[in-house]
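Shared chain: chain A. Partners: chain B in the first complex, chain C in the second.
And now, the complex of A and B:
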């Protein structure tokens, strides 16, 4: 299911003195079953963009197409229910939206809303809770007695319970400890590779982009500055500088080696494993060259 | 152990009468008390009587005025709860908390709170002003600051976090990172004696995070403020005076950054990331490089690679 934005603009508080354009005649295509990262400065329009994917915001101008459905400025809210089951969105700080007396109630709410029977909804709750790393003993607990990190997992379980085809994640790991971040990123990656879920991730962490993304969209002042593979993005020094983006630590380290010692490793290393392999290969080649010379 | 200060010793040697010595003793003990701006003694917290899980388990911690203390620990270890007890957002089930020489009670909560500015990860619910500028001014209006000075301070604070251009925006319409900047501008303008940052820069891009971090360092220096920061950012932890490590509601270690970083791989369990050079070292070892065991900074790692290459 392709996602397409055609000439999409979005203005907050349109028609008032404080109106402010967050998306400006934006065009893009997001491929199905891919892992797409959206990066850019704070305020560049990333969150506004992804809030269009489940029609939480409707474009002020233009069309958003998700599969064969279109969202235009005049789309009525009643047409959106099916779309919202298809597109699961984990907003910034999703834990702020928890409301159930128990965790089970909170996660079951979505499926029940779409007509799933209570016992089946409970089974879904148990399964999705396990996916986010919490066991069944949590089902009857209050979500409000949990730590912030655990609340985040419960909120994500609530989104996964609808088994969305497209999963939109707006900085889902901000503020989590690195171990928790890694576990959640692994979960999203598994959903992508094993279930074919389309993943759209807004992030500031270039290491996440390097490790997981197939495709990267760089947002700048409400429009797409560039859309390409992580390797292409991280080798485009202009686009990085213009958008205050840094390269992953591995690339920065490799650049340092080039600058200090003149070692030009062949590939752009996106993980430390890549970098180690590149270094070994480079050293061996140099050694052979020395013997031959 | 009886602590006798130089003042008392001098008085005793001069043979002054006991009433004066008593007074000096009281004064010096007060001085010693107020040197610690925060003292927590045997602080415990549980949500309800029925739920026996201790979120804070007998915590003892003293923080000196002017210190920058980083609190680390995995999610759920009690870091946020600990800082919330410092300004009475959460009242401990047991133990006592002394802020700047005053033991916190339900009665004096409001005067104690004036000394502490807190910025949470999600400042959404902290905004009160109709615009960013109003919001930053709010805290200053509350303490009755003159209008001209207030305007200058607000502008200065917003400029420092690169938010002056957005001064007349509604806080609700800001992006996540801009909200965090606006909230931080609020404490930069009001400069409370104690600033508590709970993952307060988690939504900022790396450059934005550096700008905010440098600004807070500057105002700390200018006004000798005390900073308590909860973070998972290893670079920020590295620059603080002391690191407090929490696990399951307890303080399990306190030390300088160098002492705590010597924990190596165990840092992951403690809620911090492992330094890049350590991760690289593991990858290098996996493909057959004979890397040394001890901790290397990025620079030392580069040097090691150079030497290894020249010997090959």
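And now, the complex of A and C:
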């Protein structure tokens, strides 16, 4: 199921002096079963874009196509519920959406809204809770007794319980400790590779983009400034500078090496493992060159 | 949701009405509501409508903003005025059945009640759209100051009021975010029977309350960290300034009052 935006514009508070255009004639395609990252500075329209992906906002102009469904400015609200089952959305600080007396109740909320029977929903709750790294003993506990990181996991489980084909994540790891961040990113990556879930990730962390994304969309003033592979984006210094984006740590490191010692690695190292391999390869080539010379 | 909520919003235009002192606007609005209860025929209501239209014109705000503000309450007004029409006994009766009687007086009365609602709402919206909430609180604080002598903690009340006002938009944003998150999980807030609709509020209200308590604690901590000692004797960042225009506006309302008194039946 691919996602297509055609000439999409969205204006907040249209017709008042505080009106504000968040999306401006936006065109893009997101391919199914891929891991797509959306980056850009604050106010570039990332979050507004995300809210169009499950029709929480309808475009003021243009068409959003998700699979065989079209959302236009005039689409009726009744058609949107089915769409929202296909597109699960984890918002920024999703722990703010918790309300259940027990964790089970909270996770079962989504499936029940789509008519899943209680015992079946409970099974789903148990399964998704396990996916986010919490065992079944948590089911009967109150979500408000958990730590912030655990609340985040429960909230994410509540979205995964819808078993969506497309999972939209708006800065899902913000405010978590490094271990928690890593575990969540691994979970999303597994969903993508093992279950073929399309992942759309909004993030400010370039390391996540480098490590996990197949495709990157750079947003700038409500339109797409560039859509390409992480490798291409991180070698485009103009795009990076215009949008105040950094390169991942490993890329910065290899750039420094080239500048300070003239060590030019053959490849752009997107992850720490890449960097290790590249360095090894570099030393090997140097050694061989020395023996030959 | 924010788009639909007109009452309590502020639109930052620059106009004659915007520049008036909030105290003048608050007094004028209250005065207007008092006057409208003296109006009792079409002529006087016409005068009252003219006053509001003049105000809207001077505020530079498009009329449709005001109409949008009345919309959520439209059916309530219609219902009330229909009740007035049916149950007002009159001299010239067109139709009578049991306690129901439709008369010329009843119909006029119904229309006037409807107009009264609409005009009062228009006037209140005119005040809130042109005045920042915090300025209105300043005005209320000013009018409460005399009660200080009776032991009323005016400074604290004003602080509570302005914190309350300050967090209305924040809570609205919060509510909107939570609604979005629950709608993303398949919740339909408009669906179902009345009981279901009330039950539907639980996934909205529980997180909202939870977040509000968190926020209140955070705010109290932040204020204590800055060594806040209570509001008495604090100076103000923005002082209220009464100008000749404010006197003029209140003066005109006195004249409107005299006109209405003369034209009423």
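Everything below uses one rule, namely that the second predicted complex is superposed on the first by the 293 of 293 C-alpha atoms of A that agree within 3 Å, B and C clash if a C-alpha of one lies under 4 Å from a C-alpha of the other, contacts with A are read in each partner's own complex, and residues count from 1 in each chain.
By definition in this document, a contact is a pair of C-beta atoms (placed from the backbone, for glycine too) under 8 Å apart; a residue touches a chain by one contact, two chains touch by 3 or more.
The model shown is predicted, which means the values in this text are computed figures rather than measured ones.
Visitor: Report clash or fit for the pair chain B and chain C bound to chain A in the combined superposed model.
Guide: Verdict on chain A: clash between chain B and chain C.
Visitor: With the two complexes superposed on chain A, say which partner A:51 touches: chain B (first), chain C (second), both, or neither.
Guide: second
Visitor: When the two structures are overlaid on chain A, which partner does A:257 contact: first (chain B), second (chain C), both, or neither?
Guide: In the superposition, A:257 contacts chain B only.
Visitor: Let me test your reading of the model: by the given contact rule, A:96 touches which partner, first (chain B), second (chain C), both or neither?
Guide: A:96: touches chain B and chain C.
Visitor: For A:272, decide between first (touching chain B), second (touching chain C), both and neither.
Guide: In the superposition, A:272 contacts chain B only.
Visitor: Applying the touch criterion given at the start, work out whether A:74 contacts chain B, chain C, both or neither, answering first, second, both or neither.
Guide: So A:74 meets neither chain B nor chain C here.
Visitor: So in the superposed three-chain picture, is A:249 touching just chain B, just chain C, both, or none of them (first/second/both/neither)?
Guide: First partner only, chain B.
Visitor: A:13 in the overlay: touching chain B, chain C, both, or neither? Say first, second, both or neither.
Guide: Both chain B and chain C are touched by A:13.
Visitor: Between chain B and chain C, which makes contact with more of the residues in chain A?
Guide: Comparing touch counts on chain A for chain B and chain C gives B.
Visitor: Just to be sure I read the superposition right, which of the two partners does A:149 touch: chain B = first, chain C = second, or both, or neither?
Guide: Touch status of A:149: first partner only.
Visitor: Determine, under the contact definition given at the top, whether A:85 touches first (chain B), second (chain C), both, or neither.
Guide: second
Visitor: So the two structures are superposed on chain A. Out of 22-30, 220-228 or 256-264, which stretch of chain C collides with chain B?
Guide: 220-228
Visitor: List the residues of chain A that touch chain B in one complex and chain C in the other.
Guide: On chain A, the residues that contact chain B in one structure and chain C in the other are 13, 18, 96.
Visitor: Using the touch definition from the top, list the residues of chain A that touch chain B in their complex.
Guide: 12-13, 18, 20, 41-43, 46-47, 92-93, 96, 145-150, 170-171, 174-180, 204, 244-246, 249-250, 253, 256-257, 260-261, 271-273, 275-277, 279-280, 283, 286-287
Visitor: With touch defined as at the start, can you tell me which chain C residues reach chain A in the complex?
Guide: Within the complex, chain C contacts chain A at residues 2-3, 11-13, 62, 64-65, 174, 177-178, 180-188, 190, 202-204, 206-207, 210-211.
Visitor: Would you mind writing out the residues of chain A in touch with chain C in their complex?
Guide: The touching residues are 13, 15-18, 51, 54, 56, 77, 81, 84-85, 88-89, 91, 94, 96-99, 109-110, 113-114, 144, 158-159, 162.
Visitor: Spell out the part of chain B that touches chain A in their complex, as residue ranges.
Guide: 47, 51, 73-77, 80, 121-122, 124, 166, 168-170, 173-178, 181, 199, 202-208, 232, 268-269, 271-274, 276, 279-280, 282-284, 286-289, 298, 302, 305-306, 308-309, 312
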